[in-house]
C-alpha cells in the first residue's frame, strides 16, 4: 500500500510492504522514497499514542487531527493513499467539469453500484475497484445522470480506462 | 497552630499551599469558581466551596464570599497565594476585622508598599538608594511636564497606585513626553482608580535581582539570598534562577542587608520580596517590595532548603523564626521555567483548551509545581501560568542540563505552551554564559525550528493511516477512532505554510 | 567522553541511567525483552534493540546478545544498572575483552568482592573488623560442624558464592546445626553453582548502615556518607534514609575512613557501597561490599547533591574525581520508600497486571524514580520494584511529613503495591523516633486499617450505579461502560470478609 | 431511587432524591440511612474517576469492579437497588427450594417471557415488572417446569403477589 505524505513543502512516498502483528506489536517493511526501512509500533496506552522504532531508532509518537508529534515536536501532515493521489492528478484542476471516472490504476472491478440512467450525486460511491488487495471506492465527480458504464463487475481494467461517463 | 486554613486561590499555587498545610497536618478549605469544579486544588483540599461564576470578579475576587466561607467552616487563617486578593489591602483589613488571620503582612504594610511613591519616599528617607526620579505622585499634567523635562531622557513613567505594567511608559525623547503623561494617567486611572503617576530614570537593560525575606512579629528578619529574574517579557518574568551569575558574597551581603533594612523600615512581617535593579557597574536601586509569596519562591527553596510557605504559616501563627541569618546558605543552583498556556510562536497569545495528554518530567533534581492534569479544560479566564518546572544542580551548568532534559520529557498536548521557548533559551549562549539582562527576551530571535524529523513524521502518519484503515475494515464502521485536536511544540520551519 | 552508552537493564534504574546520559549529552541505546516493547526505557533511549524472550535468562541475562548489540551499534560503554548482569564477573570480563567500557569496577574487583569469604579474609588481613566467624569457605560437613560448634550460638550460615538471602540460615542452638549446614550447602550449590558456606556470629538486631563511595583510577577515593537501611524484610531493604539517626560526626569519620580503606585495599574503582552491621554499642563490622549502583543511591544524592550515576560515567571515561572529601557534606535528611508490586496485606505476594490509573506525587522535596506508566502491564517475570519515592526535608521530621504527604498523593490502580505499608511505617513511633534496627519489620504489626470512610464509599457506589443506569438507559445498551479490576490501598478492616 | 449498599458487614440505605446536571456537574439530594446530604460529582478525566463533594467535603473517587477507591483507599462494595434487595428478602434463605416468584413490590407486568408447561433454568429471566419507572427482570429461582402463571402482561400487581409457580 503506497501513500503520499505532505509535510510543509516536502512530499514523501511511503510504501508499506508487509504488516505482521504479534502480541500487540505491529511490524512493517516499508520504503520511504524508495529507501527500505524496518519499523515496529506498539500502543503505549491508547491508539493515538505509539512507541515507534524505525531501524532501531526509538520515537514516541502521538497523533492528533492532521498532526503527529514526534518526541514532543509537532509535524502537520497530509496523508493520501497513492491511488487517491493519482486520482486527484488524473482529475486535474477542473474537477467540477469532469464527466468521467477513469481507473486510477490497474485493478479488478468488484462492484458497480449504479446503472445507466440513474441519478448520482457528487461524492457518491459508484464503483469499487480492487488494487493491491485494497478495495477503493470511486466516487461520482459531480451530480448527474449516468450515461455509460463501459465495464462490468468482475472485469480487470487498466489504469486510465474510462469506467463511467455522466451525461 | 491553626486548626484550619482556607486557601483563597486556584491553580498551581493553591496546590502548593495545600501541600504545605498537609505536611503540617492542618486541615484545609478550598474555594472555587464554577469553571474550576474538577480542578486540582478542589480535589486536594479537605473541604471545598463554590464561590461563584467563572469570571474572577464574580468568584476569586469576591471578598465577601470568601470571608463568609471562612467564617462558616471555621477557618482560622486564609492564605491568599499570589495574584487575586494577595495584595488587596481591603481583604487583609477585612480578615483582621473578622479575626481571621491573613497569612501575609499586615494591611498597613500592604498599603504602604502598594503605593509605589510612598514606598519610594519611605526608602529614600531611610537612606536606601532608589531609582532616581520623583518621590510623590503627580496628578497635574503641567507639573509632570516640568519635572519630567528636568529629569531628562530616557525616562520611565509608572503608576503610583499599582503595578503589572499598567500605566507604564518609556519616554525616549522630550517630544513624546506630553502624550505619554496623558495616556499613562488615563491608564492608571482606569486600572487602579488612581491616576497618579511618578517618574523614574530609565536604566538601560539593568538586571532584575530580588531578595526573599522572612520576618516574624518579634523583629527577627532573615533574607534567603537572591533570585535573578531578568528573563522577562513585557515586565512579566519567564525564567528565574538562584544564585545570580553576577553575585559575589560581598554584594550579596550588602544587598541582603539593605533588603532587611527595607523590611524593618516598614515593620513588615511574613514573607516578602525586595526587588532591585542592578546596573552594569553593580549599583543597585530599590525598585519595590512585593508583599506576598512570589511565583518564583521555589527557586529559593531549592537552593536554601527552606520551605517558604511553611515559614509563612509559622510566622502567621505567631511563632518566632527559628532560622538565623548564619544558617542560610545557597547550595548549588536552581532554575525555574514558567510553563504558560501561551503560544510562543504567535506573540505569546493565550491558549485555552483541554489537556489531552500530559507527561510530567521527574527524576533527579526536578521539581514540578502544576495546576493541570489530563482531561482538564484550561480556562481562558485566569492567569495563563499552568505549571512551573524547576531544576536543581550542583552547579548552574548541571541545573541547565537538567532543565533541558526535563523540558524534553515534558508533554502537554491539547494546548499551546511556552515549553519550546524555554528549550530555546536553555540553548542560548547569552543565557548559558550568564551574561544577560532585562533586554534578553527582546533581543532574542526565537522562531520555529529545531530538530527535523520529517521522515519519521511521514512514516508515523502512514502507520496511523494503515492502522486506522485496518480498524475501519474490522469494525465495519466509517468513523475510525477518535482523533483529537492538538497543539504543542513545532519542530519544522516550513510546515505552517500549508 | 563516550560517544554512545548502552544501558543493559530495564525499569526505573534504566530510566535513571538514561536521564544521566541525556544530561551529559550522550546518545543512548537500550535493550529489551519481548515483554518490554512499550516499556519506559525503550521509549526513552535513542536506539532500542530487542534481545529475546520475556524470561530474563533469555534476554537481560544474555551476555552474548547484549555484547552483540553494543558492537553492532557502536556503544563505547555499557551501564548495567543493578541486578541482572551488574555483578557478573563474566560480563564485565567479556566487555573488557571486547573493548567496551563496563561502567562499574573491574572484573577482578567484582570477583574478589563477590566471593564473600575472600572478601572477609582480605578485609581481616587489612585490619578491618569483620563480623566474627570463618574466613574460608567450607565444603565438608564435618569440618563445618566442628567449626560451628566452636563458634557457638546463635550463628549465621551464609553462602560464600553469592548473596540475596540464598543459602542463608540462622542457627539458634546446636541441635539445629547439622541439618542447617546440609540444607544451606545444597541451596548455595543450586543457586550459585558453589556449595561453599561460611559462618558469622549472629548479631541480634543490629543496624544496617552502609557507606557510598566513589573511587577513580588515580587512587582518589571519597565517601558520600552513610545510608541507614535497617528497614528490611527477609534481608530485602524496604526503606532507606540518610543520615542515620545514630550517626555522630566522629562515628561517621571513623566508618567513612574504614569504607575508603576497604576500597583502597581492593584497588576498587567506580561507585560502590561498603556495608556494615552496627551493634547497640556502636561497634561496626564490615559485612560486604556491593560492587554496583545501589537501588537506594538517590537517598545519598538528595543529601549530598552529588549525581552518582554521572560520577560513575565520568570515572569510567577515565576522568579524575573533582570531588574532594572536604566538599562532601549532608544537608537535611532524605528517605526512600521502595514501591513494589507486592501485596503488603498478603505476605508481600508479587502482584502483576495493568496499571489502570497512575498519579505520581510531586511538589516540594519530592523525587520519583519510576519505571511504570498508565497502560503498562507489570510483568511478573522481573523484580517487583516498580518505583522509588524519595523525599527530602530540612530535617528528618520534615522528610517524614513530606513522605506521608507524597504517599497520600500517590495513586496506582490496577495492581497491589507497598504504599499502604510505607504509610503505616511513617506513622510508627519507633520509626519516627529513629530507634529501630533490622528487627523492625518483623516486630511490626501491620494489618488492614486506617481511615474509615464507609459512608462516602456507599454514597460513591450509589452515584456510580445511578450514572451507569442513566447511561444504559440513554445508550440502550446492556453493558454500561468499561469497568476495570482494581487493587490498591484498603482502608477498611472488615470488608475482606465478603 | 433507593439502594442498599453492603460494605463488609455494614449495610447502608442510600436514597437518591433528585438529580440535576449542569455543565458537567451532577448534583444529588440524598439520604444515607435517613440522614439528608448534598452531593455533587464531576468527571476528572474518565467516567470512573470522579471528584465527589458531600456536604462540602471533597473526595477523589475511582471505580473498579465491585470496588470504589476513596482518596486512594479501597472499599469493596455491593450495590443493589432496593427493589432487587426486597426481592432477595422475599425469597428468603432457601432459594434453592423456592418454587414461586412473588412481586418484590407493586408494579406493572410488562412482559411474561415463558408459559405454562415450559422448562426454565435457574436465573433465566421470566417476567418483567416495571416499578418506579424502572424495568426489573424477575428470574426463575431454580430449574423446573412452569406450573402456573396467575398474571398476564399489562396487569398491575401488588407487592407479595404470586406471579409464577414452578412444578
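In this document, chain identifiers A, B, C and D correspond to the written order of the chains, with residue numbering beginning at 1 in each.
Methods note: a contact is a pair of C-beta atoms (placed from the backbone, for glycine too) under 8 Å apart; a residue touches a chain by one contact, two chains touch by 3 or more.
Computed from a predicted model, the values in this text were never measured in an experiment.
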* What's the fewest number of moves from chain B to chain D, given that each move must go to a chain touching the current one? -> 1
* A-C versus C-D: which has more C-beta pairs touching? -> C-D
* Asked: Measuring from the mean C-alpha position of chain C to the mean C-alpha position of chain D, what distance in angstrom results?
  -> 49
* Asked: Which whole number of Å gives the spacing of the CA centres of chain A and chain D?
  -> 51
* **Approximate Å spacing (C-alpha centroids) for the pair chain B, chain C** => 39
* To do: Quick one: which residues in chain A touch 2 or more of the other chains?
  => 57
* Structure fact -> Residues in chain B with touches to at least two other chains are numbered 408
* To do: For this structure, give each pair of chains that are touching.
  => A-B, A-C, B-C, B-D, C-D
* To do: Over in the complex, which chain C residues touch chain D? Could you list them?
  => 356-357, 408, 410-411, 413, 419, 450-451, 453-467, 469, 471, 481, 483-498
* Structure fact -> Contacts from chain C onto chain B in the complex sit at residues 15-16, 19-20, 22-25, 298, 301, 305-307, 331-332, 360, 362-370, 394, 398, 401-402, 404-405, 408
* Partner chain C, residues of chain A touching it in the complex -> 23-25, 40, 42-46, 51, 53, 56-58, 60
* Touching residues (chain side chain A, partner chain B) in the complex -> 1, 3, 5-10, 12, 14, 16, 19, 26, 28, 30, 32, 37, 39, 41, 47-50, 52, 54, 57, 59, 61-65, 67-79, 81, 134
* To do: Using the touch definition up top, name the residues of chain B that touch chain D in the complex.
  => 30, 34, 37-38, 42-49, 73, 373-376
